[in-house]
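Structures for review follow.
Below, chain A partners chain B and then partners chain C, in two separate complexes.
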Partner chain A sequence: MRVRQRRSGWSSLVLCSAEHLEYEACLKIFIRKDRKRCKFMPSAIACFKWVVDEAYIRRGPSGDLDFSSVDFKIGEYDRNAIEEAVRLKETLGWKAVTVTAGLPEAAKGVKDALSRGADEAYFIADSSFGNLDSSQTALILAEVIRARIREYDLIICGEGSSDFYAQQVGPRLAVKLGIPCISFIEKFLIENSQLIAERRVEEGVEVITAPLPALVTVLPDINVPRIPGVRDTLMAGKKPTVKISKDELPPIGEPPLRTISFKASKMERSCERFGTDTAEIARFVGSLRKKGVIG
Partner chain B sequence: MCSIVSASTAFFLLSNSNYSVEVFLVHVNAERPLGRNDRLDNKIEGMNVMDFKFTEEQELIRKNVREFCEKNVEPIAAEIDENSRHPAELFEKLARGGWMGIPIPQEYGGAGADFLTSIIVVEELSRSCASTGFTISTHAGIVCTMVLLFGTEEQKKIYLTPMAEGKQLGAFALTEPGAGTDVMAVTTAAVLDGNDYVINGIKTFTSNGPTAGTYLVFAWTDKSAGRKGMSTFIVPREAPGLRVGEHFKKMGLRSSQTSEMIFKDCRVPKNNLLGKEGAGLQMAMAGFDGGRIGIAAQCIGILQAALDESIRYSKERVQFGSPIARNQAIAWMIADMATDLSATRFLAYHAAWLKDQKLPFSKEAAMAKLYASEAAMRHTVKAVQIHGGYGYCKGAKVERLMRDAKITEIYEGTSEAQRMVISGAVLR
Partner chain C sequence: MAGVWIVSDNRGHALELLNIGRQLAAKMGTCVSALLYKERKEIEDYINYGADEVMLLPSLSGEQSLESYVPVISEEARKGDPDLILFAATPRGKNMAALIAEELNAGLVSSCMAIDFNYGNKTLVMDRLAYGGAAVQKVTCSARPAMATIPPRTYETTMREMGRQGHVRELPPPSPSPIKVIERKVKEREAKDLSEARVVVCVGRGMEKKEDLTVARELAEVLGGAIGCTRPIAEEFHWLSEELCIGLSGVQVKPDLYLGVGVSGQVQHLTGIRSTKVIAAVNKDENAPIFKAADFGIIGDIYDVMPKLISELKK
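For the complex of A and B:
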């Protein structure tokens, strides 16, 4: 099997060294192994996160964040991911599958995703999944995709979640599945069973080719997500949803990252004015130093 | 409940107390329209659950329609009001999203949701543009619903389906220059001539008149029979002898199109009689009952918008060194506004829920409409007051809200007519 993946396709992954090595190892296996795939319909998996709708977060009097009356939504970039999967369904006749891991309340999010045109959903729910770390999320999603979904051609993730925007789940998931990952995608095509993606980088656009199955993380510019109609929402509940409980998965372990507290950001003006000459710039730097903003 | 759902489902419900019972019922009873009877089913082993929760679908639909409005309605609302323009492009988008026939079954081109869902949509549309909310409310809540309830299979296929799909609007033509609240003063008459009815008369203040493709027209077929002498006809726009007048220039609700309709030897086939001959007035009253809940929903939208604007402005506007929201005079206006908004919601949702359960709702619909319209008027005036001079100028949303609110106390039965309905029911 020929793999025409350019190194730049995965050089941008933000991973710790151990995982990077793991990725290299997986890639070698992947290159050697001839994929024996037997399936009827190509499928795209869109992963999404059911996040707090930031419009409902209030700021408490002491700078704390009040989440008592928040509503939830599918993360903004994840909507682009779902839309892209549904477009593959509409243009190429693929099957669009959505996957999410979260609290049992995210069942509403599953319906939301299905109302956006997905054919079926995998929902991994547990009351302890409220604050999953991205490495845990990637582990859960990888396990479900590997063991339950099995056959897939493309995994689409949003570039980052609406709440933390860590941009970790997509690349980590690709590592765990041993498939190529291309991030910052603003356009892609499927041609002759391979993925041709346009990746936005600082200097311009990189065009990268990767074999399928692959994973892409998409930018919001890739599409305008549709607004589901009434009928779409009503039909969503009738589409197949596979519910998976925590017990059916291997242990996800402790999160390497711990959230200690949330604080509202505060913007205060010090009403100081600076000029642009050397002396003024030096005064500006001195002022920042004095405030402890820079070291 | 066990008689409705399977034993295993019942076990699931009982053993999973954390799980939303209502949601699951929607799943297992997927065959019937959403929400219908779900709340009545919500009894577990003799325990009645008082449930004010919307279904997940209703919550999602509200979110979606809100997003639709923010992207498509809000940006044009001021312009279509200023120019009294019917936004055909917006209605095309509404039709594509299936927002035009929400309470109509899918077999007739609708979305197949319950009435409460349609109320949520009217409310959210009205929050951005009361004219758009009202146009949809009249079209789907009254005209489509009446054809669905009383029409023959053939009428539903020919007239209801294109309306529910949003290909054309529906209009309700009852009011005449000399017959407003006094419905019996209608003079339009229809005479059977061979296989056609020939209609003569003038209707006025017909909402959606200039833009509709199908009209429900009320005319006497036997004036001597009194209340049992009026009939309803489905009149297509292209019917010979029908002339639709110019759009009226109005104080508010300006983009909702309103006109006179002149019937001069207007011929419609005999098959276009809706329901039975002589049943027109009863059908009109049934249509009004649903329509009144729609007006209450429109008022909720107006009130919510007034509250949103008032909160935003009163927190931003600084006078005497602090935001005006810190002044008790302003804060109390906003407190009253929020309270009346909640009260209106409960009245309207309850009336819609009764309608969905097929329980009597005429009095509740009148109460919801009366309270909602008067609250909308009262509080939009206050919202302009909070905005001061800025609120009196074009460009401020609150001045449009205030103008739009006034008509809600007048059409689909004035506040006085609602009091007649309510007092008639409670003094019976």
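For the complex of A and C:
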């Protein structure tokens, strides 16, 4: 698209370049127009998931999970992704876009993401999107990014969703889009259209460079996500949200994994309690010694 | 015959994966192949520890990242059609597993803590944690190959069997990748000590100021242990390095004794200590969730209890 516009720009340039001076003036105007028309503002896409707040999950009588009093939230780690996109907006003048796929109820999350400073949101909603596999989520996001958002420089994902924490959507999305993926980064900067990132590996840190567009997954310590104020929430309502339905996408197929069951995880511990006087402290230390865990 | 493949760039993790890989392969009636990065001298070792075949990956140049192997491994998996591929759930292991799973259109079970083969319907059944550790999710994988990442130290290392026989096969070198490693920094010793420590003293939000860490450090020293912390201590207050954060998205420790001082016990944190032998805690809030997850709990002010513990332990 960009190329075609530039070509028509050049042909009009040739028409108006009878004299050299005029040519230069024309060129300047052309470049200015060209920038406006063709050179899109760089943009960062932050992906997020609207998830069950695990703090409200109760253990049912038979070890099942009781979701009756749960609330929902933008995944903890995804807030770091949104914050980084907004940081690029504030420091480099980029556009911050958010995208999510989920149940229609996730509309609340879309508004929350916008109140955290994003400029616009893409929201793919369907009542069947409650338990998507990472591969399906990546497919949906890739389709929307490729066909609808089109222009982007950096995609930012959290290190994992705070419900299933499979940590796969980021890398899978990068493969689908055919862009480099750098996972678990704790710091990055953009220099000469190139990404320079520090990622955590087992032995320490690796400093990586990659051409843009690229995808990164960020560690929670990369930033402290802002808490939106009343004004931010009011502004969020005015920002554009592009809603996309399942019918506008190719079929997402069957998930490769099947969940057989969810059970409340057991932490069977003796839960013995102690006081703080000298005798109790001695009893406490004695108990540790009896267990053989201290010398 | 397709087999169980194991992938790790670290010898220790690879030996753990060989253990579980070998057990599963025996049940599935297949063999074990191990991918080995660069270290030719470890071929015999891998075979003695259970590999029937070693696929040797050529060395990388200094600026190539480990992920450069992704296309090579994916291609080999397309040709070899393995039943199961196991990765060590290290940061790069998790990343590579997800990239390869996508290349192969396969299902991947992340941070799998138990894996078994069901003879009845010939499927693999895997357990993993969900909802910050509040739930155990049991999954099966219908697509081929099944893939899983397994956190280091989930399984022990097998016994070595000297003189086992195995094949060795060399895989082609990776092509250049747009991702370049321009620097490698090795992490400080402290973080390494934490994941290997037999006793861990963990500092939580109940600590009021950075200077008070001295008391916690003294307690750790008396116990012969290492110090760790909850997320806010590193992330919000920056009192300790992020590498010392214990929890789902941090270090998972497996010590004999964990002692939480001023730790409330959020589920994400508890996930990082669930394999601990004995969990103990000190907190003044008797309703703190840590007490439900602890074997021994002292309900009291950490500033009162820590010095008392130190003097009692010194006796």
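Keep this in mind: the second predicted complex is superposed on the first by the 229 of 295 C-alpha atoms of A that agree within 3 Å, B and C clash if a C-alpha of one lies under 4 Å from a C-alpha of the other, contacts with A are read in each partner's own complex, and residues count from 1 in each chain.
Assume a residue touches a chain if its C-beta (ideal position, glycine included) is under 8 Å from a C-beta of that chain, and two chains touch if they have at least 3 such contacts.
The structure presented is a predicted model; accordingly, all values stated were derived computationally and were not measured.
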| item | value |
| --- | --- |
| Touched partner set for A:Q168, first chain B, second chain C, both or neither | second |
| Which of chain B and chain C A:A236 touches, first, second, both or neither | first |
| Chain B versus chain C as contact partner of A:A264, first or second or both or neither | second |
| Chain B versus chain C as contact partner of A:E191, first or second or both or neither | neither |
| Chain B versus chain C as contact partner of A:P228, first or second or both or neither | first |
| Winner by number of chain A residues touched, once chain B and chain C are compared | C |
| Touched partner set for A:K73, first chain B, second chain C, both or neither | first |
| Partner chain(s) touched by A:D247 [first = chain B, second = chain C, both, neither] | neither |
| Which superposed partner A:S115 touches (first chain B, second chain C, both, neither) | first |
| Chain B versus chain C as contact partner of A:P104, first or second or both or neither | first |
| Residue ranges of chain C in contact with chain A within the complex | 10, 65, 67, 90-92, 94-95, 98-99, 101-103, 105-111, 125, 129-143, 177-187, 198-199, 223-224, 231, 234-236, 242, 245, 248-249, 256-257, 266-267, 270, 274, 277-280, 291-301, 304-305, 308-309, 312-313 |
| Touch list for chain A against partner chain B, complex | 71, 73, 104, 107-108, 111-112, 115, 127, 227-234, 236-238 |
| Chain A-facing residues of chain B, complex | 18-20, 23, 26-27, 30, 34, 56-57, 59-61, 63-64, 67-68, 71, 96-99, 102, 106, 111-113, 117, 121 |
| Touching residues on chain A, where the partner in the complex is chain C | 52, 54-55, 57, 65, 77, 133-135, 138, 159-160, 162-168, 170-172, 174-176, 180-184, 186, 196, 199-211, 219-221, 224, 254-265, 267, 269-276, 278, 280-282, 284-285, 287-288, 291-295 |
